[in-house]
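Should a chain be cited, it is by its letter among A, B, C, D and E, assigned in written order, with residues numbered from 1 in that chain.
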Amino acid sequence: MEGFEPKIVAFCCKWCSYAAADLAGTSRLKIKPNFVVIRTMCSSRVDPEFILQAFLNGADGVLVAGCHPGDCHYVNGNYKTLRRVMLLKKVLEQLGIDPRRLRLEWIAASESRKFVVTIRKFVDELKQLGPLRLEAGDDNGSNG
Amino acid sequence: MKIFYYPGCTLKTQARNFECSAMEVMKLLGYELVELNRWNCCGTVYSLASDDLIHKVAPIRNLVRVKEQGGDKVVTLCAMCYNTLKQANVFFNSDQEARDKINSFMDTEIDYEGDVEVLHLLTVLRDEVGFDNISKKVVRKLNHIKVAPYYGCLLLRPSTVAIDDAENPSIMEELLHALGVETIDFPYRNECCGTYNTVSAVDLVIDRTYRIVGLARNLGADVIVTSCPLCQFNLEVRQKDVKERFPEFEQLPVIYFTQLMGVALGVPTERLGFELNHIKPKVLMEL
Amino acid sequence: MEPRIGVFVCHCGINIASTVDVKRVVEAIKGYPGVVHAEDYVYMCSDPGQELIRSRIKEKKLNGVVVAACSPTLHEATFRNTVSQVGLNPYRCEIANIREHCSWIHTDRDKATEKAIKIVKSIVEKVKLNDELLPISIPITKRALVIGGGIAGIQAALDIANAGYEVILVEKNPSIGGHMAQLSETFPTLDCAQCILTPKMVEVGQHPNIKLYNYAEVEDLSGYVGNFKVKIRLKASYVDWSKCVGCGVCMEKCPTKVPSEFEMGLTTRKAIYVPFPQAVPNKPVIDRENCLYFKTGKCRICEKVCTFGAIKFDEQDEFVEEEVGAIIVATGYELYPIEKIGEYGGGKYKDVINGLQFERLLSASGPTGGGVQRPSDRKVPKRVAFVSCVGSRDPELHKPYCSKVCCMYLTKHAMLYKHRVPDGEPIVFYIDIRSDGKGYEEFVQRAQEEEHVTYIRGKVSKIYEDNGELVLLAVDTLTGEPLEVRVDMVVLGMAIVPSPAVYELAKKLKIQIDANGFLTEAHPKLRPVETLTPGIFLAGCAHAPKDIPDTVAQASAAASKVLEMFSQKELQHDPMVATVDEDRCSGCGVCVTLCPYGAREIEVKDGKRVAKVNEAKCEGCGSCIAGCPAGACQQRNLKDEQLVNMVKAVLE
Amino acid sequence: MGKPKFAFYWCASCGGCEETVLDLNEKILEVVDKVDIVFWPVALDFKRKDIEVMKEGEIDVAFINGAIRTSEQEEMAKLLREKAKLVVAFGACAQLGGIPGLANFWVRSDIFDRIYKKVPTVANPEGVVPQQVVEMDGYKLTLPEFYDTVKTLDQTIPVDYYLPGCPPPPDLIMNAIETILKGELPEKGTVLAPDKALCDTCPRNETKPEKLSIKDIKRPHEVIIDPEKCFLAQGIICLGPVTRSGCGERCINANMPCRGCMGPTSEVRDQGAKAVSFIASILGVEDEEKLSEEEVQKLIDKIVDPAGTFYRFSLPASLLRRRRK
Amino acid sequence: MINKVIELSEQNLYACYQCGKCSAGCPSVKLMDIMPNQVIRYLQIGKPDKVLQCKTIWICASCYTCSVRCPRGIDLTRVMEAIRLIQLRKNIDYIKVREISEDVLVSVPQIALVAEFRKHTA
């Protein structure tokens, strides 16, 4: 897909992954501008509804990022995130959306490089998968 | 009860006394050791390089034989055979890719599934026969002798194949106690005898034998009991060389645990192969 | 409230402006629904920048502010403060991070600008639905609970009590004192442990502000920061302490001897006992497991000899409840059992002992009166090996961490041994010598230079007994030589492990423990004495292996954290907590499962189950909200609707 | 003023909704007494043209059940919308898509292939599938178009009220009719049922343990179900927490878990996503730090057909509406 | 070279912190020219020749004593084998089979011979 630039919504928890993204900035690491971060307190605040909403509104990929297991600022929120994302991936697959479009990563506050690499890899992968374009296809099914 | 038995090379030659005493003892306990048909050399030492698959074929082929002949476990007497077969088996079960390759190396054999259990006679005696049952069959009182149990390396290490705790094993002691003999607390029971260095670095083996046998004697043992033909050779036959170097050194008989069992269970001593022992365990033979 | 939002875009010098076209952002946001004002400025956080925001709020009657600038981590507080100076609720101000998350990481000016616009829009969407909030206030019970009466607990209790607040100290043993009471002399100054500890123990025993529950354990905890309720089990001691005067006749006459825990099994105590002569409180307890009367129904000698009628065989465990506002956990450590080290004999050899046993051998009040004699035959050992890192720094088989104190105490041991047995030969086997405290390295140097302690760098591989001597197989890694060392006694520097009951305790207190069983601090550097549960603090070896100076420092730090709390009238809590709409909640209970802080409970109202939020406990993670299947909960200022609108805004 | 005029119509549904009107028993007579039924093809002989001739707004209330699956249904829905003052989406299919909405996991050609070719009991050697237009002996026969995607009623025409349920429970219907007759109409778009989830009225709710944690997922036929205990506490997936109450706990009382026919409560955007969220939240959360990712995956894999389970009645009404190709 | 050894032995040689416990328990250490921990050390500091030329790798009896005691979980037995193999695969035998005396050949048990050939010849 030539020239296709995927759109990514990145839900980041305040304590680890948002801070990692901050650090990427402070360290002047370079990333492609394909993503926008939305900050939640904990990755466990991310409701699967938000993820579907993002896909529906034109996201090609959704990243959910949180603290490493065992390091959650809120003790164990990220274990819930893990479960929700894993189950949602299965549902997405059944709905014909490649589960790779939803990505869960554990990124510690110090792992700015991991943040950068995660986005880079995600962009590459999404480029291969091509655009999702749900809005356009919303009323697809050639009704009428 | 029949159990498949893998002898390995040395049990058919130098260590015939190990084999015949084991057969006798097992018969007495109501078990038959059925020698595996068409067994081949296990390789004696387990190959340890990540890319060395070919040397794992030989041990695995023996396990295939067990399968072919309708068995699902195999017992060994020699600690080295035990170690090699068991390590190969563990490896086979832990690496799917290697497993497929090994199977493809053996095209005339059936595919092996990793499902043959490799046992050493000591564990069979503990888990299947039961030390209690052995104890009930003891007919000769042996409470006058003190025994130094000697495990060597390969029954206890590495941990993936060990039959007991590497530092504080007890299985042989438990057996010996069931036989009514006293054991010494022998710190060198899990020390290495020098193994195959007996071919090209005799000095090493002489040193080891000097220490191991020396300490056993120091601690009051009358006899050392082993479970491996190579340990047996190094600890027993090499005593001659030790003596040459250290004239004050006093010799000590070294026998197989099966021989001691035979004596305790009342097998006539002439059937226990003591003629192959270089240092005769007089305390036992003159019962 | 009709939104009247002002957007203030910062250049941050050239930090933002060089990559993001700030003017374009302002233009793009001007017409955005809800936005009534937008402008840019070179340094928003500067005084003139803040003044600009303040005056615009007044001029344009703004009821919401978005500052597009650096990360909220840096200046959220600054700008919220700014807006509140002119009467705007601080929670109506939010930061759009267009520096760290945009200008600094991108190079394409056009795309970076577009992205910045999206970020700003999403924050505008958030502010639109932000409520005006006030911090939540929570009342505090100004009384503290300290669990564990080692030096950590003692220090913390005294600090708080001396500041004028009540302290409840719970110690599971008959006496306070912990391990420090067992020590002989302490590195690096070699002052006598008892001499410096005993006065503190006595002070605790007599302090009007300290209520000491010895021989007691925490049974249950409920409540939350500032308002805990703790249930304490007072274990039956079978001695009425109010009658007992501590004469000790019962102990003299009791026929049953058992190994003394305090003396590390080197001598015995009676079935009715005080653990050591300086115990506080100095009242005996009957050890039910070993008491003849409890075992066989016969004896009762103690009862007969006690002229004060203090023996009470029918005593039962009792429970008391206390209300406290803060808790310090100081449950200390144990030594890793020698039995786990097979290659060193696994506890088989009497003369292979651990460090605390050697402390007792060195102690003037110990079983040998401070003369070093080996346990097997009471002979004075002429050569003693001290082995470090036993069970520590061994990720493969035992504990991965360094136990921190053993290098130092083994050095101390070698030195004190030399003092007691001048012709003795101490040999220390080590891998690295860790002597990083004040005066520690000098202490080790003294052992080497003045006491001529032999240090051999190499880990002992095996220890066995031969003819009453202990043989150590080792190497000197510095010379590359194998060694076989024969000694009379071996002291093992066993790993420090957490007190065994701490796992259960941590569950009751809902605090975290790490992979090795030590209590987890809230932040390894910046919040080293707090747990993640507000109001619960930690100190001493319960947290990690440490020596007495560090323990005391941490205990005082924990105490000062408690005092910081107690110095406030009420506690202030972030208001971004979960809320429940009772008209929607079906009482399904999912949120209760999800909350890591126990902030959610089901209440029965008019026969129906509904969930409620304990605002003091809620830390605002939002897990329950995402999990609520009925959409009955929301998070203040991070409502579903806000997040959905933000998602839509960034994808426009 | 004469009696209010009611119309009933049936789109893509099983017909249960029509049955349920009859289930009102003697109450139906009261209703019939108070209203004029001007259109009810299933019970009374009316034709499309009878409606076509009506004036705009002549019908007071049109109750339409069933999802929109064909062009004819769409036309009828539009026609009724034109003629009716109020349109009530009647039952789960009209409101959410319902069971027919599960077709959105496939495309039309798959469905035709399956129904007309692959079903074992079908003998169709020529592989004939329905065509919209067929010419035969010079005559032109037409069928309504069979759409690729099933839609809810409100995705086709504006809907004023919803009566949820599969089928809607009689007392809710009576309530709704009475409300309409009294003219005490709530805000447009309201679902005429309680806005709390089913657990609220479920007799099993009190049996829940303080912390719900599913260690092993079981399907109803795999276990003997305790008739008193909350299904979730038994490891059986129950959608009660994410489903509106008001059904009278029909399934629960039959010792079956709730499948979600009443749809979500009003604050929920997507019933299936919320189901994912809450079910995942309680999967093996006891000792969660000890479970490896693989173990969690195993547990999750025990949910057979998660999308079908969570969206059983609501796929067309969900955010994504259908499977994407 | 260290990478080759790591690959063949599947052991992380960088984990070794030179405690010497392996050497301390090694039955053969007295006859070795460099101690087992030094074998790793030389690899860590990039002096493979020391290791390739040493006697240690040949005198090692593959007894696994070091392996079960290493606090860092390094299976040194496999490390020794890996280095031996690097040599053997260059066709550098440690012993010359022809030079083994008749005496030895007939007296030692088969397993000793087979093992010897396996470990010391290509």
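We take it that a contact is a pair of C-beta atoms (placed from the backbone, for glycine too) under 8 Å apart; a residue touches a chain by one contact, two chains touch by 3 or more.
Bear in mind the structure is a predicted one, so any value in this text is a computation, not a measurement.
Visitor: Kindly list the shared contact partners of chain D and chain E, in label order.
Guide: C
Visitor: In how few steps can one go from chain C to chain D if every step must land on a touching chain?
Guide: 1
Visitor: Indicate, using Cα centroids, the chain positioned nearest the centre of all protein chains shown.
Guide: Answer by centroid distance: C.
Visitor: Return the chain pair with more inter-chain C-beta contacts, choosing between C-E and B-C.
Guide: The comparison resolves to C-E.
Visitor: How many angstrom lie between the CA centroids of chain B and chain E, rounded to a whole number?
Guide: Between these chains, centre-to-centre, one finds 24 Å.
Visitor: Could you grab the centroid distance between chain A and chain C? Build each centroid from C-alpha atoms only and quote it in angstrom.
Guide: 35
Visitor: Per the centroid of Cα atoms for each chain, what is the distance between chain A and chain D, given in Å?
Guide: Inter-chain centre distance comes to 32 Å.
Visitor: For chain B versus chain D, what separation do you get between their C-alpha means, in angstrom?
Guide: 73
Visitor: Quick check: what residues of chain C touch more than one other chain, meaning two or more?
Guide: 343, 462, 594, 623, 626-627, 640, 644
Visitor: Find every residue in chain A that makes contact with two or more other chains and list them.
Guide: Where chain A meets two or more other chains at a single residue, that happens at 47-49, 53, 76, 80, 84.
Visitor: Show the residues in chain E shared as contacts by 2 or more other chains, in ascending order.
Guide: 30, 65
Visitor: Could you list each pair of chains that touch, in label order?
Guide: So, checking each combination of chains, I get A-C, A-D, B-C, B-E, C-D, C-E as the touching pairs.
Visitor: For chain C, which residues count as touching chain A in their complex?
Guide: Contacts found on chain C: 71-73, 97, 99-102, 104-108, 111-112, 114-115, 118-119, 122, 512, 532, 576, 594, 596-597, 619-623, 625-627, 635, 638, 640, 643-644, 646-648, 650-651.
Visitor: In the complex, go through chain B and note every residue touching chain C.
Guide: Spelled out, the residues of chain B in touch with chain C are 165-168, 185, 187-188, 215, 218-219.
Visitor: Where on chain C does chain D make contact in their complex?
Guide: Chain C residues touching chain D: 581, 583-590, 592-594, 602, 608-609, 623, 626-632, 640, 644.
Visitor: Please name which positions on chain D make contact with chain C in the complex.
Guide: Touching chain C: residues 195-200, 205-206, 208, 210-213, 240-242, 245, 264-269, 274-275, 277-278, 281-282, 285 of chain D.
Visitor: Within the complex, which stretch of chain D touches chain A?
Guide: 71, 74, 104-105, 107-108, 145, 147-149, 151, 268-270, 272-274, 276-277, 279-281, 283-285, 288-289, 293, 296-297, 300, 303, 305-308, 310, 318-325
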